[in-house]
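One chain, subunit A, links the two complexes that follow: it is found with subunit B in the first and with subunit C in the second.
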Partner chain A sequence: MSQTTTEDVLAPLRRAFANDAVKVAVMYIAIWVVFYAFGDHLGYGNSGILSLVRRVTFLAAVYGIVVLALNIQWGYAGLFNIGVAGFMAVGAYTVAMLSSPPAGSPPGLGLPLPIGVLGGILAATLVGLVAALPALRLKADYLAIVTVAISEIIRITYNSPAFSDVTGGARGFGNLPTSPVEALLLQDPTSPASEATSLGETVFSFAAEYGISQFAVINTLYTVGVLLVLLVVYLLLERAGKSPYGRVLKAIREDETAAQSLGKDTQNFKVRAFALGCGLMGLAGIVWFAMGPRASVTPQTFRPNITFYIFIALIIGGAGSNTGSVLGGALFASLLFEAPPMIRSIIQETFQVSANPGNLIEALIPIASGNLAPLGGFLLNNIDSLRFIGMGILLVVLIQRKPDGLLGARKETAAGVPLTADTRPDTGRADADAAAADGGETDE
Partner chain B sequence: MDANATIERGVGFARSSTGASIVTAFGAVLFLDLVAKLAGVSLGPLETPWFGIWFGGDIAVGQFAGFVWDGIVIGVVIGLASIGLSLTYSILNFANFAHGDYVTAGAFSGWAVTYVIAGIGGLLAITESAVNAVTGLGTYRLEDADLVRLVLLQTAPLEAGANMWLSPAAIVIGLVAAAGMTIVLSLILDRLVYKPMRDADGISLLIASIGVAFAVRYLVALVFGANRRIVTSSEKLPSANLGGVIVDAHEVTLVVVAAILMFGLHVLLQRTKLGKAMRAMADNRSLAQVTGIPTERVIKSTWIIGAGLTGAAGFLLVLSQGGLGFQTGWLLLLLIFAAVIMGGIGSIYGAIAGGLVIGLASRVSLVWLQGDLASFARPTAFALMILVLLFRPSGIFGGVKTA
Partner chain C sequence: MSEDDAPGVADADIPDDVDVPEDVEPETMDSDVEESAKTVPRSVPLRVEGLRKEFGGITAVDGATFAVEEGSLTGLIGPNGAGKSTTFNCITGVHEADAGDVYFRGEEISGEQPHDIVERGLVRTFQIARQLGEMTVLENVMLAPGGQQGESITRSVLPGTRGRVVAQERELREKAWETLEFFELDHLATEYAGNLSGGQRKLLELARALMTDPSVLLLDEPFAGVNPTLEEKLLDRIHDLREQGLTFLLVEHDMDLIMQNCEHVIVMHQGRVLDEGPPERIKNNEEVIEAYLGGEV
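Up next, the complex of A and B:
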């Protein structure tokens, strides 16, 4: 009896949670709550907590965008592209070259930002097309090696002193375009301390009541903008997934030979999926690195490591699911990337760990006498290395135990009408549910 | 008549595979240009609207020979390391992205051993200390040395004195230790990671190997620290100037040791059934198993051979380059892949030759890539790999499996 009541209570919850928007919203709210708690515990104060939560949200959102882009290529078309960093670099560098003020060094062309962004996306798409046309003829693992080689060639080209008057060389492109938020709120967008516009005046004075600085307002608004970009990209890809084009992609994902035998030119579809994904990676590179609070376009940023982070995020979320990609990006950015340093600070504060041995051996020797503090101190000080070791182990465990990730296993039907909904007259929804319980498949 | 037929065939080739012909033609132009440069002949500049193109020019034979020697040295290391990758690629059927980090692990473990032996003062001092310890006479030399700093490779290179001239025994023992530790590492990783997923597809294994690469690389960083250091000491190191090419004892050691290892492998695989079993498994694992080949044991042997050579390659790489950091092997990985693909996956001789080609390409290309363009030497090797994949995916030797 009591069990039925709990089920009754949980059933609407479960139904609500089946909705993708609710899943994503719950995930983001949970992340905000957790990081609010971290910041609160560490005594950061209002503006500190805001900047912490903002940073995590920003990272979660940009990871979401780029993981969605990778999902088009790997999740749908089965193209194993591990040159993500290179395509992001093309987007970020192109927008910097097109839209930066001509007066700075290295000089940009000073074109309006929308044209620059469009140019960046187009450039990444074009590079993707050039890479895809020959490379897609190859086996999956060859494609992987070729794409990572291409991304390294791109990085080394931007890094080269030979073109440093155009790209900034190893120091990176120091002269970045002004972010659209600054252009909107400040009279002189090039200096953050300048007079506010009339809109800016309203926003800043509103924020000032809560003790939030002008700088924090600009960054927060930019992060909200990135969330909007994520939403647009998500809706675009969801819509594309339901279009005839997306249906063919899903067919290729399930069984390429079958799709071919139905007369689909799968090669053509794959090239287009690859180019689309590369364009979106360019967009991700732009909002991530070329503008906003983390703006810095340097060749070192685009090492292959970042590609692998994006892959881990996609595998966590589940390849082949757009919602899974967004969730995976958020989970990776918050729990694996931003949380460990927070946890370190909390542990250090709580347990008063002050030991700081210079190396692992000095940390291990005191264990013989039962003193664990040096080892703890050493591990906490090297939390960055530990984090990467953890990521590696997580990747292995995921691929061994749960290769489908969070949502990768569910069936996302490509049909325009719900296949499981019972459209016959006079039969209730309950019968359809019963059929599903008997072994029929629902769309989840 | 004959000439006509040849021309016809050439035209046919150019029509049927335009890309390959362009690449071949470009290669031929570069070769002629190189010959002209060496002969000191120059034509040009051929004016284009933007810049003048010079054909030929002047490059000292000694400088060119220097590039070739450097190319051979790095090529031999890449070749040695790529044998292991090629073997696991063909037998376990996946591209092992952790291979570069096996190189790093081998280099660090081998050099730690070398440092301890050399830092204490060589084998003689260790034996003396051991004898003293047993007999209770004299003093331990061990106490003079800061063992922790030696093991972690933090002692200054001049103080440790690890070089072929001052402490040859330490180098040899370090080389053996590098191979041994890498073998142990590879067997542990195989047991934990790859064995549970023997039947998984290549991409899943590839992803798992990326995870392994991360874990191993940052484990090395955790133990040895994240700083890049110079390891070898150049004190009193003999070197000779052969017609403008400076050849030092470390480079000679590297080439000789690598050649011995490669020859030993050749004998091993030709004279034992193992080579035949490996070929059979690379072809069709199920069929091999049905035929009675103990596949798990062959896989183990593959890891042992591959990882041993890889660890040795890591040790030798540091011997010739001097520097060592936790990213050393990772940065070499793409060049190793290039060598494997160039030689054809599964071919040992192909991998060796591919390593030489990639090594030479990355150094000899400096003839053309001078000054600011020198940073494009690595991309040249990558581009070469991409071209081979596009026009001859089975490798330059036509994918003959010679394992």
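Up next, the complex of A and C:
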């Protein structure tokens, strides 16, 4: 009796959870709650908790955007692009060159930001096309080599002293455009400490009542903007994926010859998917690095390791699923970048770990005498390096145990209409059409 | 659809149904089939002339020349390595032939891309079924039709045009269900194609090819690995479709099957056409028997 009632309670919950929007919302709220608890436990003030949650949200959102962009290439069309960092660099550098103030060093063109952003996306798309047109005729492995090479060529070119008048060379592009939030709230957007505009005055004084600084307000509003960009990119790719276009891309991933023999011009589809993905990577590079709280356009920012983080995030979420991409990006960014230092602080505070051995040997020797504290201290102090080892282990386990991804489904249907239930028009079972319309994958 | 696009052969075209009183469309193999073929000249949708394809030092196809008649079920046989599959690949643009021409409804199609050839109405299936494993059966079938508006990103994404894409998808889904019912695959519609049995994959491949709305179908060993019951079912479907006016060229190793079902048989050996004609003639050809039973393969 009690069992049936619990099932009755759980059934609508399970149905709600099949909805993609609910999944994403639950994931984000869970991350916020966990990090709020971290901050609260460590005695951060309102401002501290806000900036912690804001940092996690920002990383989760930018990872979401770039993982979505990679998903259309790799998850849908099976195009193995490991030059993600390079395409992000093109977007970020281009917007900096176009929209930075001409007075700074290196000088920008001072064009309005929307033109700069559009230019950055177009430049990334064009570089993607230049790479794709010859390379897409190659097999997957060779495409991977070409893309990683292009990514490095882009980085080294920006790094080169020969172009340092335009790119800033190894020191990077120090003169970055101001974000729309700064332009809206500050009288002199180039200096974060300047006088507020009338709108800024209202917002800042409201925040000040909760002890939140002007600086935190700007970054928080910018992060909300990034979340909106993520939403738009998600909706765009969700529509592109759940359509005949996405269906052909998946067919190419499964078997390109079969797709050709059904009359699909696969080369054309691949080029379009690659260009779309590269353009969105450029957009991700812009919102992530060209402005906002993590603004830093230097050649070091765009090293290949960032590409591999993005791949890990996509694999965690489940390649081939847009929702999985957003979830994977959020989970990866919070777990890898923000959670370990929090956990370290909490453990250190709770257990009073004070030992601080200089190396692994010094940490291991006391174990013989039954003293585990030095090892614990060593692990905690080196959590920044160790988390990458942990990520590697997680990746190996995931690929072995859950090749379809932890959260998403590679097998998401690609059609403009639901296909999951019996949708025959003449059988009277068509009401299943409506039930499946919210994308429920009941037959998995 | 492409029958209308070929003005050169329109006058010789025999309509799909029995509109022309002289021409009795053959339903089974009997002797008057050849009679009618002789008396009424039938159009030739597919013609191959002097086709040649080399791989390194091996000449897989060495000057093959043959023609496939409208509405026929033509068999293409030959021992392993005779060049049947390579011929298929050259006709459908998967390989580029080194020499020779392929004509489809009077127009030369040699060197065209596979997808262009499909658009003309010449569609093939593969010896090893190429199901798209991580897509459902219904998705597999809905992939095939040409002219899908939603294959454009902008039309799929923009609010103004998305409605039309969805409407077309709804029509496609209806047609897909009909096709799946025709092949008795409807109970598997939501199953992933990778989970189907070998025989079901062959059925799916034929269903998918049919969704492209072809006028000539090239089937590469459609019965290989298919159990007798399913083979019977597949054959029934092929005969049904032929009655609706489709033309078939069929590669097959089962001689009995070819002799009982095809009205015209082409024998290939070492890249050349050894002989062609009605089954009776092929059965009694010494060279053919030699090629299959003895000689170097």
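By definition in this document, the second predicted complex is superposed on the first by the 410 of 444 C-alpha atoms of A that agree within 3 Å, B and C clash if a C-alpha of one lies under 4 Å from a C-alpha of the other, contacts with A are read in each partner's own complex, and residues count from 1 in each chain.
Operating definition for what follows: a contact is a pair of C-beta atoms (placed from the backbone, for glycine too) under 8 Å apart; a residue touches a chain by one contact, two chains touch by 3 or more.
On a predicted model such as this, the values are computed, not experimentally measured, just so you know.
Residue contacts after overlaying the shared chain place A:N371 against neither subunit B nor subunit C.
When the two structures are aligned on the shared chain, A:I389 is found in touch with subunit B, with no touch to subunit C. Shared-chain residue A:T157: touches subunit B; no touch with subunit C. Looking at the shared chain after the overlay, A:S261 reaches subunit C, while subunit B stays out of its contact range.
In the superposed pair of complexes, A:R239 makes contact with subunit C only, with no contact to subunit B. Applying the stated contact rule after C-alpha superposition, one finds that A:S205 touches neither subunit B nor subunit C.
By the document's definition of touching, of the two partners only subunit B reaches A:Y142; subunit C does not. Once the two complexes are overlaid on the shared chain, A:Q187 sits clear of subunit B and of subunit C alike. In the superposed pair of complexes, A:E362 makes contact with subunit B only, with no contact to subunit C. Residues 236, 239-240, 243-248, 250-251, 253-255, 257-266, 269, 272, 276, 320, 410-411, 413-417, 419-425, 443 of subunit A touch subunit C in their complex.
Residues 80, 134-135, 137-142, 144-146, 148-150, 152-153, 156-157, 159-162, 164, 308, 311, 315, 359-362, 382, 385-386, 388-389, 391-396, 399-400, 403 of subunit A are the ones that touch subunit B when the two sit in their complex.
Looking at the complex, you find that subunit B touches subunit A at residues 94-95, 148, 151-152, 154, 193, 196-197, 200, 202-204, 206-208, 210-219, 221-223, 225-226, 334, 337-338, 341, 371-373, 375-376, 378-379, 382-383, 385-386, 389-390, 393.
Residues 92, 94, 113-115, 118-119, 123-126, 130-136, 138-139, 142-144, 146, 148-153, 156-157, 162, 165-166, 168-170, 173-174, 177, 186, 189-190, 192, 208-209, 212 of subunit C are the ones that touch subunit A when the two sit in their complex.
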